[in-house]
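Chain IDs A, B and C follow the sequence of writing; residue 1 opens each chain.
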Amino acid sequence: MAPLLEVKNLSIAFRSFRGVRRVVDGVSFAIAPGEQVGVVGESGSGKSVTMLAAMGLLPGSAIIESDGIVINGRDLSKASDRQWSAVRGDDISMVFQNPMTSLNPSMRIGPQVSESVAVHRRGTSAAELRKVAREMLREVAVPNPDLRATQYPYEFSGGMRQRAVIAMALAGEPAIVVADEPTTALDVTVQAQIVGLMEDLTQKRNLASVVITHDLGLVAEMVERVIIMYAGRIVEETPVGPLFDRPAHPYTRALLESRPVTTERHGRLNAIPGLPPTSADAVPGCPFHPRCTFARDREICRTERPPLTRFADGRASACHFYEEVLAAEEPRTGTGQAAPTAAAADGEVVLELEDVSKHFGKVKALNGVSLAIRRGETLGIAGESGCGKSTMARIAMGLLKPTAGQVRVNGRDISQLRGRALREARRDIQMVFQDPTSSLDRRMRIRSIIAEPMVIAGMKRAAIAARIEALMEAVGLAPHYLAAYPSELSGGQRQRVAIARALALEPDVIVFDEPTSALDVSIQAQIVNLLDDLRQSANAGYAFIAHDLGVLRHVSDAIAVMYLGRIVETGPTDALFCDPRHPYTRALLASAPVDHPKHRRQEKFVVEGSPPDPANIPSGCCFRNRCPLARDICASEEPPLIEVGAAGHRAACHFAADTALLATLPTLTITEQ
Amino acid sequence: MLRYVLRRIGQAAVVIFIVSVVVFMMVHMVPGNVVTVLAGTDPTPEVVEALTKRFGLDQPLPVQYAKWAAGAIQGDLGTSPISGRKVSELIASRMGNTLLLAGAAIVLAAVFGIVVGVVAALRRGGWIDTALTGLNATILSIPNFWFGIIMILVFSVWLRLLPSGGFRGFEREGLSALRYLVMPAIALSMDSGAMIARLVRASVLDELSRDYVTVARAKGVRGAWLMRKHIARNAAIPVLTVLGLRFGQMLGGAVLIESVFNWPGLGRLTVEAIETRDVVVVQGALLYFVAVYMLINLLIDISYGWFNPRVRASVGGGE
Amino acid sequence: MRETLAYLWHHRTGRIGVCLVSFMVLVAIFAPVIAPYGPNEQIRGAELMGMSWEHPFGTDFLGRDILSRTIFASRISLTAGALAVVLGAVLGIAMGLSAGSLGGWTETVMMRASDSIMAFPAILLGAAVVAILGPGFVQVAIAIAIAQSPLFARLTRAIALSEARLEYVEAAESMGATKLRIMLFHILPNSAGPLIVQASLSVGIAILLESGLSFLGLGVQPPTPSWGQMLADALRFIDFIPSYAIFPGIALTIVLVGVNFIADALRDKIDPQSVTKGGSN
């Protein structure tokens, strides 16, 4: 069958005031009708730019060269915007990453959904268009489509918006849909809904789809064939099956080995050293060779660009030594034993929250949360947006005052402290924020940034200088960065600076608020390893907030799962992952992308809807309106956190002890260590 | 929405109150008050005392303020001791002329600004954009009252095409009175026009870079449709805001332009009053300007609701 | 500072701006050397003369050389503009910082005060202030400074509020930093860029206001020459000596083009987050 979309030898460069920067170099691929293809790469790999070029959507500053961009047999590489417009929305369409910005805020949903029909089939009557919108919304399972079509985007939740965006992309009945990170901006449980929806739709409509993603889990779940990109080139092309067991390119292999997974727990991750190149021709020879374990000192890797070589049916690799890579043993996530967790049990409690609540007017962000962290222990905190985990972090830090309850750091209640006493107490508990770009003052040099807490604490100059040196070494940064500004550092390096700053005063508690979620997979592994080292050496208690369950499983001794400002389940990491006793925990685990296609399941437990507004919390159990197990008792009685199974394992569900009933909500197969 | 509107009205009332106090105090700080002006160069103490009594200047300041403010709320801004006319009548007699000039200028500015701004944005980076942007920067740097003088020089003194100033109204001259309007309106519209052009260009470019515009293009939307449905509406909000504010400022009297062209508007009235130390008129006129400006500001804020479905939907509701 | 100059020099219109402004500054400094006559030197029998070799711009109704007066007038414009912006910026930044950092009652007072100033047409506000303080150079600068201060107050507060949302402020707070320290060491340095852009825009507005007040006879008083005052004279005698109106206006425009080009170039580099409403009129 002739391909629907064929891109031949595509190169893209951007003109800027710094000169011309090449971001895509000689990319060719073809998508057949009905085929599901994943394009995988980290930021800067050129994956999104390639697909935007394939839709004629790049801005004028892009220099595009190719031997053809063929859609449905028509070569559009030289087409005008008018010709492109005739194809876009009709033959090929796109779903974008961020549903919050993809919809026009001042236009009703209905007309936006039916717009591609309106532009491609001029003269379609208004009634007809309304019908199209309604039916499309119904097809993407937006409840009450008649009403919803007349609403504006702000009246839709994130998940509903993404459904509307998908409806918009499909309304013109294209043969191929490009989805650019379609689930990245969404919460875990909503992600699973959208993945399910896209699978249904592609099957039902016999659609071809291209899913652009950084997430190998999503690929394992959704596609048949994978294209891996690195530094503007395709480095590997393969059916999804062999990818996870027998990768043919060292980069693919390294990516697989560097990601923490939910199903198993390991010691150190195999992080990829170094940074990806900034442009397609920044590195001579093979662009991956400086970070490659197979290249070693081989001359050819440094000097000669490896061509994309086809070696088996549907498989290709751009590595000089792909046979060696193929012959290597199966890739493993991490090496060595899991970090010992026993030490934690006998440390003294450094941070304790007792029955803490925080209300902002009607919004009940936090409701009676209690937890304790011992010296040497890491408590992972999981939950979706709006569950109150960031509010809790800020209360623990003394940045917000709780409405009720006590916050004790080293046994001392800090929630009632003010002024100087509060400022001094804050030094015992430090925080590493999600985005190092905004948590570091962009006008200060690294030296001043790390020194600041010590200056405020009144340390002597010589002592500060010595401590800075030690800290830089501890976080693995070369001393010459001390004179740099944050903008001169990469994201991972900046996060190292933020960690050094948090360590400066040797606090008793460190709160990590999503410290790796702004980072690429390969850099994330480096930071996770650094945190591992710190936990071994520094003598503090750690709270680790994250939405990525793989990272949480990897770093935490114990986990607390939060929903609507409450802790619904808490316990030792393995107990919680292997024997989850709250339906919400089970939903989270089931919704996380699988880490190997062999874990794809026919049936899986996906909860409907998204978390309710914290200003309007249901009576009784807060999860009951989404819970498939809900009975009358759930509406009338709020379940307390009760002890279940292993020591310290507690869940707030009326059915937490009923393992047979819980088993009707299948999660992942998770192996105990 | 309702609460929002009420809050904005409250804020405006506070500002008008502060301004009224400031204006009142300001005028009383002016060296030489009504009395010294009216009493002539060498007044006898009796004359001074009589005049002081007549204008109530012997009473404590708060009492004087209260009287004045109470009058102002009822639309009575006092009587000019110099011309003997009521301030409200003086303002009313000039308001029409100011409205005419400001209206003509704002229409010119809007037309120029929108056309130039949209063209520049759509030809971004090209020579047309460069030329138009340069033109804007230059216009913004030319003092409009000087440009007015140059226009008089060219069109009145040299070419004798247009009258150099004055305006006697349509009742006396019919439509040919418009000849008096041409130059002042152009001069007054210049910098606003250039500023609007700049803003339109920036807003359109900003819209073009939005995700939902890319999404629309991915649906096959282009050209006039894209402009009308996805760009115009959202880009219009900042533009209308600035147009409204500019109009409000013009209604406060285009003092310089009115002076250059001897245009009988509110700005001239105020300047003349300052020159003759006619404090009652100065007080009244300043208070009137601020009230008009605040009113327009308020209307702009409320009209956001019309463009923002989120605000519009919550009419009567909370925030 | 040097970095900013280097940037301006490499900016297409920024370089033109720097050249024009430097030119006028040099003219102002060396006015006594350059000008062929004294600013108030009256040449008997040469009243209201057109352009000639002795008087390239002509002479005014008192027989004074227009070229010389135009040159000397640059001193008033430039110094009044600079002084007004410095005063206005100090006043406005103080208002904005106290509003942004202290919040509550202080904030309400400061913001309503700046709303009130903004509600006046700038030139009338200037005229009223001059009416109270009396005409004169310093009084004009103070009047303009008051009219400009709300722009700085609003911008400073807006930046302070938006910076306060960034996590580095929370990070500083969690180290035990005081509000004052956060304001001075973090927020103020991060506001510098937009404030500099606002200041450069304000110089243009201030010079324009000064010339407007002078045009109305409310600026520096005769015989000290200023461009606005000369333009007022030019309008009175426009039928007798048309060229009078041209040169003071061109000088004024050159300064404004220079200042605005510099401001635009700076804005290209550091876009102030909020486009402040309004302007002069």
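One rule holds for everything that comes next: a contact is a pair of C-beta atoms (placed from the backbone, for glycine too) under 8 Å apart; a residue touches a chain by one contact, two chains touch by 3 or more.
In this text the structure is predicted, and so the values were computed from the model without any measurement.
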Ask   = Whose C-alpha centre lies nearest the centre of all protein C-alpha atoms?
value = A
Top chain pair, ranked by number of contacting C-beta pairs = B-C
Task = Could you put a whole-Å number on the gap between the CA centroids of chain B and chain C?
result = 21
Note = Rounded to the nearest Å, the gap between Cα centres of chain A and chain B is 52
Inquiry  = Please output the residue numbers of chain A that touch at least 2 other chains, ranges allowed.
reply    = none
Message = Looking at the complex, which residues from chain A come into contact with chain B?
response = 55, 57, 60, 81-82, 85-90, 93-94, 96, 98, 101-107, 115-116, 119-120, 152, 154-155, 165, 168-169, 172
Ask   = What part of chain C is in contact with chain A in the complex they form?
value = 166-168, 170-178, 181, 186, 189-190
Ask   = Hey, which residues of chain B end up touching chain C in the complex?
value = 11, 14-15, 18-19, 22-23, 26, 29-31, 134, 137-138, 140-143, 145-146, 149-150, 152-153, 157-158, 164, 191, 195, 199, 238, 241-242, 245-246, 249-250, 252-256, 259-260, 267, 270-271, 274-275, 277, 282, 286, 289-290, 293-294
Message = Can you tell me which positions in chain B touch chain A when the two form their complex?
response = 125, 210-212, 214-223, 225, 229-230, 233-234, 307-310, 313
Ask   = Okay, in this complex, where on chain A does chain C touch?
value = 394, 397-399, 423-424, 426-427, 429-431, 433-435, 438-443, 452-453, 456-457, 498, 501, 505
